[in-house]
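Notes follow the structure.
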Amino acid sequence: AAADPIRVGFLTVKSGALAAGGKQMEDGLQLFLKERNNMIAGRKVELFVADSAGQPAITKTKMQELVEKNNVQVIIGPLAAFEALAVDDYIRKAQIPVISPSAAAEDLTQRKPNPWFVRAVGTSAQPTQPFGEYAARELKYKRIAIIGDDFSFGHESVAGFQRTFEENGGKIVQKLWSPLNVADYGTYIGQINPKVDAVFVSFAGGNGLKFIKQYNEYGLKGKIPLLASMTAVDEGILKSMGDEALGVISAGWYAATIDNPANKHFVQGMNREYKQDPGYYALGAYSAGLILEQALKTVSGKIEDKPAFMAALRNVQVAGDPRGLLKLDALGNPIMNVYIRKVERKDGKLVNSIIKTYPDVSQFWTYSRKDFLAAPVYSRDNPVAANLEK
Amino acid sequence: MKRALLFIFIALLAILPWLAGSDYYTNLASQALIAALFALSLNLLVGYAGLTSLGHAGFLGLAAYSSAWLMLNLQWDQASAAAAALAGSTVVAGVFGLIALRASGIGFLMITLALGQILWGIAYRWASVTGGDNGLSGISRPHPFGFDLGPASHFYYFTLLVFLLVWAVVALWVRSPFGASIRGTRDQPRRMSALGFNVWLIRWITFTISGFFGAVAGLMYVYYQQFISPHSLALANSAEMLLMVIAGGPATLAGPVVGAALVVLLKNIASGYIDRWIMLLGFVFLFIVLFVPNGIVPGVAKLWQRWQQRRRHKEERA
Amino acid sequence: MSFWLIQSLNSLALGGVLFTLAAGFSLIFGLMRIANLSHGAYFMLGAYVGLSVITHGYGFFAALLAAGLAVGTLGAVVERLVLRRLAGNGLGQVLATLGIAFIIADFSLWAWGGDPQPVDAPAFLAGSTRLFGQVFPLYRLGVLGFAILLAISLWLLLDKTRLGMMIRASVDDMQMARGIGIPASRLFTIVFCLGAALAGIGGVIAAPILSVYPGMDADMLPLALVVVILGGLGSLAGAFVGSFVIGFIYSFGQALFPDLAYIILFLPMVVILAVRPRGLFGRIAA
Amino acid sequence: MNPVLELSGLSKAFGGLQVTRGVDLRVEQGERHLLIGPNGAGKTTLFNLIAGDFRSDSGRISLLGRDVTRLPTASRAQHGLARTYQIVTLFGKDTLLHNVMLALLGKSPRRWRHWGSLSDERTMTARAHAVLEAVGLGHKAALPLQQTSYGEKRRLEIAMALAQEPQVLLLDEPLAGLSAEERDTIRQLLGQIDRKITIIMIEHDMEVALAFADRITLLHYGEVILGGTREQVVNDPRTREIYLGH
Amino acid sequence: MATNLLELDNLNAFYADSHVLHDVSLALAPGKVLALLGRNGAGKSTCISAIAGFVPPRSGRVLLAGIDLARSTPEQISRAGIGLVPQGRRIFGSLSVRENLLVASRKHTPAGRRCWTCDDVHAMFPRLRERQHQLAASLSGGEQQMLAIGRALMTNPSVLLMDEPSEGLAPQIVREVGDVLEQLKSQIAILLVEQNLGLAMKVADDVVLLNTGRVVFAGSNADFRQQQAQLQSHLGIT
């Protein structure tokens, strides 16, 4: 009945190495609920929070707990791509609608789409595809060296960048992969080919912080410009960085500096409640809330009508998303603006200022969906880097 | 006494899905049994042979990845994939044994740790085969004799069957003359060779068999999760298996089972109620080691004995 | 040319970091035969304590002192209350020290949050210098210097005092050691406290390079183990040389064999231990 | 008669320290051979070389007509060699019976059996009880080793070696630390051992040892100084000078 | 009373519930050797352990120069001047021979006690000098025994407790140990537990005989010889 609360599961990470992102996600979602007084589409929300510790096996148990024990009707989560993949089968079997606030693995909405799964954030390569073009056409770089985290997110985001950069006449002359838990980037910085126009880095978590600091210490800052993936200079860690990050150019579907009323409201809220600018994770969770709200409004709050709710979810259009207009493509992935951003200091704090906007970018960029999906998924060696120099 | 306990325990396990009430608890029980399988297999090494291994999750990975890969990429059927995975993992265990048994004590621990890390690194890095950190998903559960393992209770009974089988085999094996010699090599390796035992060979066989049972557990793990990624092979996972054995009571048959149940339940249930559940787990381990330093099962058995003695004393006096 | 030079410098610096990490572990393991699996956690805790001291404006050296004191005290308490009762119970020690590692890791997450945090080098070592035409961070040279200093002081402490001897005697036979007048019980506490304090100080020293983040403990513990085992059990010299051997293997291995980056530490270790179970310099069979 | 044990040119060094120097030794079947020498002369080391605990640097060991120089310890035991240790090396947590059972199992192909139970091995259990009885420990068979006295442990050492029905038995100071009474027990025990078994013994208690030995070898700094019948060696001035000291 | 250096007064000691020493009393004067005899398991080692503080006595007093040490820790007892050569040697196996001696050595010793050095010990047991850099665990049994004696001397004791020092020693060395005891006894008092009756009788001034934890004889060497026939059963000689 409509009087019953809507039961929402939230699968996040509160312990272990990924807890920082989990906390930001929780902040974003809590802000969303607070702004609405815990009411969506006229119904109260009962939130069940579960901690997966960033371990796939626990993710699955927690998912089961949410579905089988807490009887949730929709789930927001999980955080990491491998967590989402670990519960992929279960989501299908349990037929539970899931809105992903963070997991960016390409295939989740490409070659292995899941009818019960939609995404509030983009794919790993969604922002780097325009970025590669930008680097070649606007920045006029010809030769670029790449360093990335040696895991799927790194591989995919680098692949997108490499593909469009080389298609626009650039050359990737060096590609280095550093292990996620690398003790020290000195080894990698020492290998950078000095005869490049720029270095593109793709890091997640705290690695961007470490790398950019050491890049400066080894005297490369100011000599070779640094381009970065969205997460390497995300607002979530930018707050911990110093001047060494100034001038880093990156591409992402969000920046706390986006100038629209919805985002101003969001950023103010985050600063009021949690004393920080939102970044990747907070935005993802907040936006997942918006998507849920929009879909519920479409079905007048009747989440119990699962087919109708799922249909509404997959056709959702959010006008008031902090990123601007947001809609989902047929595979459940957002079509949204991608922003080219530059780290600057404003009012004493580091921010990502927007220097260019690519409107309505899809996960397939300018390629045809059919051709895109026919090719194998982006990876460490795909597309092949044909211009490497040794 | 022991027999009665065992009987009650098995009876409880048999009716557990009815007691559980929801699939969630049945699934938890399946997970605890699978963890117990790992702990049982590791206990052969740690408890009976006195060789502390920090690489046991490697066998989980070997079995899980190879069966998953064979099914997903070569479209092998379940049974052949399982057989091949077990055979392959056992062979690798044999080879690892050759390397690791060059040392004993902390050296053995380090070599097994390193071997485990190497398997982890391969799983992580050889993405074309293993899917990298995204892992392999879409793995189906087998249909032994047409029995559908999809529903939670079905899978639970299947797991229980495998568990009881392995447990019985292990129980018989450690009682056997060979089992006696394994314990001998743990306590006095030098004397054992002087008595005519081939200490190295005994250890190697134990290592290989432990690897085999680890692979059995690995298969059950991947059937349950229907997913495998490098996280399952991580050092933390090997350490967790070791902690189960030590907390429950090494070189006992019940210890690893108790330890596994404890850790699985704490991890999955306590984490629903408190945020700082890892800290709680840490305190539970500390508590165990302080009050029953040889593990829960031996500790409780000792308390029980003492209590019995005291009762008898009282009766005598009365 | 410059590749070899810069990587050699990197290797040396990394070796320095590794020795500050491993020294305390080696001390405790070498003398007390306890494989202290909470060492990584002590290291991280030290780094966090240091971070707090620095953010409160007290400077790097105050941070070193505070971390040493705080973690050292914790070590002493742990030894008195827990490890003392587990003498000779190797498996019990594994359980206890891992349990403590869990507690510290989760406590740190609660107390300092999950964000990775940078730590600035002290002002006089900030910035870079030119070495043979290469820009190289000054702080790393500082760490190398510190490692050497640390090695010398530990060597003096253990060799010129009878501390090391007395501890080893106590480990061999605690009761007998007391019977010839060695205050074994107090010494154990002191050594464990010292080892823990070294871990805490090491954490602060390494923080400007590694930064502080949850999971640092789990990343660092295997490195400490690798260094100490490869260098040779119970040998401070082994730990020292082991640190630099690992530093070189790690730096050059990752650069020259990028495909093996994840296993570059463990492959040589397996080979070395399989051929020489007591490690490069070990006196005692592992 | 063929020697059951023959050492030729056996040498062993630890680091720079030459502990065994070109030892030649022949022991005939059934012989009671006593090995004497000052502390640190290399007697125990020689036992370790014969038993296979150490590998010799050079020289040859032949046991019952077979070259065992390169064989591992266990194979030598299978070949008919048994020993006791100078420092008690037993299974402390197990019962005396289990200790002996392990000794029996070591010589039985059943040690490779992965099923059944050791305690169900009736013949073996009976044998073990008999052996314990023979050394006067029958009534303590079920006692955990930790709860027995030093003298009992020493007797058990011998019992385990005897249980293996060796052809050559090496005894390293079986009497050390025993009170007069227990010495007597062990002396009688040794006297009862079947003459088919060859025994080599290291012992400093001359009273018992001399009565026991047929032939004696005197070691000094790892070298055989002198070997011969009991009378020859006892009466040799070098024995007095190096070993007895009077 | 004050003439006795070490005095046990109605000592009772237990292992858990089993009562091993029953009201044991004995007295040891400076410059004397007291032989403590008895068969295996009579409680000799327990008596030594009780004095050394390993097995704290449940009642009774252990007086060293009039000061009660019965409630002191082993390290306090050692520092008060009691040296120990334990049964089974118990040398520190992972230390070198030299370290075994150094680790026991004292810088500060109350006046009146002799200050032993490694050289003194080497002079007594030349074998130890030859082996000084070797790990003690790899010493031969007899060498370990010498080391245990040397180590005890390095603590500069005024009373030396020796638990079967001749075990495992070659006859020649046993004789030498006898000589050493004669030498030492002019400087310190010695409580000697021995199975080797010959050695004990050669050096002892007084004899105490234990049986199942009770003193069954206490008297001078001469008295003991006289009554030896009656005492045989307590010695385990049949």
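Letters A, B, C, D and E mark the chains in the order given here, with residues in each chain numbered from 1 onward.
Convention: a residue touches a chain if its C-beta (ideal position, glycine included) is under 8 Å from a C-beta of that chain, and two chains touch if they have at least 3 such contacts.
Since the structure is predicted, the reported quantities are computational estimates derived from the model, not experimental observations.
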What's the minimum number of touch steps needed to get from subunit A to subunit E? 2
Please report the minimal path length, in steps, between subunit A and subunit D on the chain touch graph. 2
Keeping to the contact definition above, tell me which chains border both subunit C and subunit D. B, E
Taking each chain's centre as the mean of its CA atoms, which one is farthest from the centre of subunit D? A
If every chain is reduced to the average of its C-alpha atoms, which one ends up farthest from subunit B? E
Select, from A-B and C-E, the pair of chains that is joined by more C-beta pairs in contact. A-B
Rounded Å distance between subunit B and subunit D, as computed from the means of their C-alpha atoms: 42
Taking each chain's centre as the mean of its CA atoms, subunit D sits from subunit E at a distance in Å of 31
Where the centres are mean C-alpha positions, what is the separation of subunit B from subunit E, in Å? 52
Taking each residue of subunit B in turn, which ones touch at least two of the other chains? 124-125, 275-276, 278
Can you list the residues of subunit A that touch 2 or more other chains? 15-16, 150
Residues touching two or more other chains, restricted to subunit D: which are they? none
Let me make sure I understand the interfaces: which chain pairs count as touching? A-B, A-C, B-C, B-D, C-E, D-E
Where on subunit C does subunit A make contact in their complex? 3, 6-7, 10, 13-14, 17, 106, 109, 113-118, 120, 127-128, 135-137, 139-140, 209-211, 213-215, 218-219, 223, 250-251, 254-255, 258, 261-262
Would you pull the subunit C residues touching subunit E in the complex into a rising list? 162, 165-166, 168-169, 171-173, 175-184, 284
Interface with subunit B, subunit A side, in the complex: residues 14-16, 50-51, 53, 55-58, 60-62, 64-65, 68-69, 81-82, 85-90, 93, 105, 107, 112, 150-152, 155, 379-380
Interfacial residue positions of subunit B with respect to subunit D in the complex: 172-173, 175-181, 184, 187-188, 190-199
Subunit C touches which residues of subunit B in the complex? 46, 52, 99, 102-111, 113-115, 117-118, 120-122, 124-125, 235-236, 239, 242-243, 246-247, 250, 275-276, 278-279, 281-286, 288-290, 293-294
